[in-house]
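Chains: A, B, C and D, in written order; residue numbering restarts at 1 for each.
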Amino acid sequence: MTQNYAPEEFLINALAAELDSVDHVAVGALSPVPGSAALLAQALSDGEQEAGQEARTGAALSGPGQGHKMRVSIIHGDANNPFTDGGRELFDCAGQGRIGAFFLGGAQIDGEANINLLGVGPYPNLDKRFNGSFGSAYVYFVIPKIILFAPDHSRRVLVDKVDFISAPGTSAPDVHRPGGPKVLMTGKCVMDFDADRKRFTLKSVHPGVTVEEVLDNTGFDFDVPEDVPETPAPDAERLQLIRTTVGPEIAKTYPGFAQQVLGFQGG
Amino acid sequence: MTQNYAPEEFLINALAAELDSVDHVAVGALSPVPGSAALLAQALSDGEQEAGQEARTGAALSGPGQGHKMRVSIIHGDANNPFTDGGRELFDCAGQGRIGAFFLGGAQIDGEANINLLGVGPYPNLDKRFNGSFGSAYVYFVIPKIILFAPDHSRRVLVDKVDFISAPGTSAPDVHRPGGPKVLMTGKCVMDFDADRKRFTLKSVHPGVTVEEVLDNTGFDFDVPEDVPETPAPDAERLQLIRTTVGPEIAKTYPGFAQQVLGFQGG
Amino acid sequence: MTVFEDLDTLAGHVADGALVALAPEYSWVPMALVRALIRHKVRDLHLLCVPIGGLAADMMIGAGVVGTLEAAAVSLGEAGPAPRFIAAVEGRTMTMRDTTCPAIHTALQASEKGVPFMPLSGLIGSDITSHRDDWKVVDDPLGAGGGPIVLLPAIKPDVTLFHSPRADRDGNVWIGRRRELATMAHASATTLVTVETIEDRDFLADETMAAGTLPSLYVTAIAEVEGGARPLGLTDCYERDMDHIRAYGKAAKTEAGFQAYLDEHVLK
Amino acid sequence: MTVFEDLDTLAGHVADGALVALAPEYSWVPMALVRALIRHKVRDLHLLCVPIGGLAADMMIGAGVVGTLEAAAVSLGEAGPAPRFIAAVEGRTMTMRDTTCPAIHTALQASEKGVPFMPLSGLIGSDITSHRDDWKVVDDPLGAGGGPIVLLPAIKPDVTLFHSPRADRDGNVWIGRRRELATMAHASATTLVTVETIEDRDFLADETMAAGTLPSLYVTAIAEVEGGARPLGLTDCYERDMDHIRAYGKAAKTEAGFQAYLDEHVLK
């Protein structure tokens, strides 16, 4: 199948769809694709807003936050970084319930949505060490919509049981937990997570991917509904938005990515 | 007895003597006399430093903090206010052990050094309400040298038992308490406080005041040693320092006080 | 998203019975907004002074706006005691929750961090503590032999109110070194700000300005009100009017004198 | 009182075995000071990354400076994994205390406030928590039915290290919106700062500058070191040198390559 978009552009579009109706999306370090997805969702939300509202008056000062309907905060970003209270502010802000969605990765993710960012092997005697757990052990609890992002869909990443729980997918009922995993986006499919059942359900497969291929490459059990639709690919208008609106904005934080993947030059 | 100084100047001098060898003195709101005392102690400490050290080289950048040996922080002051972390910083700074001395007043002070800044009568049904306890319930515990300052030496202020304990003079041994009251300065005398014995001892009486007068005007029991010296009055050199060095500095925060009491004009 | 409104619309966000946190007394107090709340006849507020009340608190108490007051102290500063506060406490016409400065800062920090409580040193043996049934003295819960310590439950204001010299076009507000204003806004559900002026620039694009800026993320609505802190002062903008405050302190010693002040300076 | 020193004297304040807090990796990292510590052969540090380590931590680990590392993660960012860190953990040549970003911020805030612990949400059920015997999961000690919560003991660093664009003649240091640097300094016994330049002015006399200033009260000593964060970046001063960092990441994959890097860039 011939595509007129890069795999990253497909994922940016698919991730953005999961951010519909979120007020405030925060994006962590080293996350060009999630960051672009958030900026795309913002641009789409602005478009809806403009279509649905009266002509604005007193433009420049009519509404702060640049009039964006959705707020996007890119941590440590050279743009779209609203934080002025030091490294703790992202976490405090999340604890206050002011962040609606956030992305987490996982070197390992298991069927109960436990994530491992730390290493492989019997802790502390690891066979393979990764970077570490970052803030996952906290944000996974307090941000309502955590989107797990694992572009490498393989049995190496999607395992039956993680070797180390950086952050658990679910908690006992008496644990204060307003947040948690809702969606898993991989390079092959989208899955929804149900915390009560501690189980993923296949939501859609990406163009050219079969359910069998997903099953073959996933190390944990999950539910497969009768009909599995295809994850929508970005249309021409959407690609235009990614390249002309998102590109220049994400270039302020990830110039290399913007140039190599989205074809954005200069800035 | 004819004096060539104001009563406030006497107290500024006497309070400054109690600040000898303190690294960092903080002064709260509405405290022109303690503030002036702290600035005098700083000036005296600078004088000793200069007398005792080699000629300085590379003056401007040889030592930050203006080369003052003693640091004086005047809370909310328009000068000598080093705080940049909001209202909590004074208290955090004290909790870190970075403040050596602080002044507290008391509408009532009793013989166990309990202080009452809140009101007279059976709480909460007070007969007479005062401003409130401010930060006393905390700073009294964490700042090593609290100097109680009660210019009105009377049985109305120095009572047998306070009606309300804004902050207790002593604590049980298991309570974390690196700080507490060390000295009581009144308009008539100086007393030392011994936390182990929960008791004040008369240290000196101000010029023209007798021990009997102190006993008559104090509502609590205290120890009186065989010999009670006179509290030193400021000599000409010290008065000069108060009026020419302290005056302009305290005028930045208390212009009316500097003008009316210390005779400092302008600035 | 922050919105720009006029003063009366801004005041309309404060509902009867709300827990309202007010900027510290020595500066940045939104006096024009306080006067608007009095005109709007807002009632039964739980007013939290951070941590000390002054002219604003005294006026709101006198005008019957405050049902419960939580403060470490209330005073007019060099202008003496706060007369309506003292009358309300001595006359038992208002519920008084006595506290101490760092306890207010700490309880707001607990909400800022989204935790149910925070520990604070000191306080043990104070009658403040023995009368606060929401505070709890526990043995060191770490079990490390640290002795007893006080746990303060989080205070989560419904509304924070303050005045600032300036906001930018995006609703970011300059707070300078008054960082308690950030803690208050972080801890609160709603933050209402009056400013001297709204500038057509982006404070966050300038690292020097950004350091003293409360991001619009925490700002619900802003009204441009020149002189909005008068007769109190505002850093680098204007000094407080001590004559006015002293005259208030004198007038407000009686109910009639206070009403006359209200009629002349607030209601007309 | 803060003193002004040269870089080597500054490095001399860091004793073997000290608990050292290091500025966050994305900027303001005192690389020249880190290189000086390596040259001074400081040993057995307990290095606390606030909260993430990078080039500085990796170099210190590789050079044998670090006995214990406490960090939420270590990485060279876009230049990939931190090779000496990974070799030390996998080779068990260093004690690793795994943690999570907000736990480090919170434990420093506990020291800032002078309390023995602070609570933090989340963490329960993470293997980080189950392996930290200094963290304690307790039932809501308020007894308000809040459920279990984790208490983190205060972390009190012996020394905090960072680099800044500027200090003033009084030893006040510009930190801008990098406010974790204030928390670190507040929490630490000693704070050592390198700066691009010492300016002959008083930051605290200017309310705009004051908002982003760490007062000299918390600053032990300062050394003027131009380019002191290179090859990392410094806000509004210079960008990080990605080619250099990538070359380091490649060289440090082997012990020999790392030694060659040290010989060329640190020891010579």
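By definition in this document, a residue touches a chain if its C-beta (ideal position, glycine included) is under 8 Å from a C-beta of that chain, and two chains touch if they have at least 3 such contacts.
Because the structure is predicted, anything quoted here is derived from the model rather than measured.
Common neighbours of chain B and chain D, by the contact definition above: C. Comparing the chain pairs B-C and A-C, the larger number of C-beta pairs in contact belongs to B-C. If you average the Cα atoms of chain C and of chain D, the two centres end up 36 Å apart. If you average the Cα atoms of chain B and of chain C, the two centres end up 29 Å apart. Per-chain CA centroids place chain A at a distance of 39 Å from chain C.
Between chain A and chain B the centroid-to-centroid distance comes to 58 Å (mean Cα coordinates, whole Å).
Residue positions of chain B touching 2 or more other chains: 83-85, 91, 95, 142, 176.
The multi-chain contact residues of chain D, meaning those touching 2 or more other chains, are 106, 109, 113-116, 120-121, 146, 149, 177, 182, 210-212.
Applying the touch criterion to all chain pairs gives A-C, A-D, B-C, B-D, C-D.
Interface residues of chain C facing chain A in the complex, by the touch rule stated above, are 1-4, 111-116, 167-172, 182, 186-187, 198, 200, 204, 210-219, 222. For chain C in complex with chain B, the residues that touch the partner chain are 24, 26, 50-52, 71-75, 77-78, 81-82, 85-86, 89-90, 92, 96, 98-103, 105-106, 109, 120-129, 131, 146-149, 177-183.
The residues of chain B lying in touch with chain C in their complex are 29-30, 76, 83-89, 91, 95, 117-119, 123-142, 164-168, 171-172, 174-177, 256. Looking at the complex, you find that chain D touches chain C at residues 106, 109, 113-121, 136, 138, 140-144, 146, 149, 151, 153, 175-177, 207-212, 235-236. For chain B in complex with chain D, the touching residues are 24, 60-69, 71, 73, 81-85, 91-98, 142, 176.
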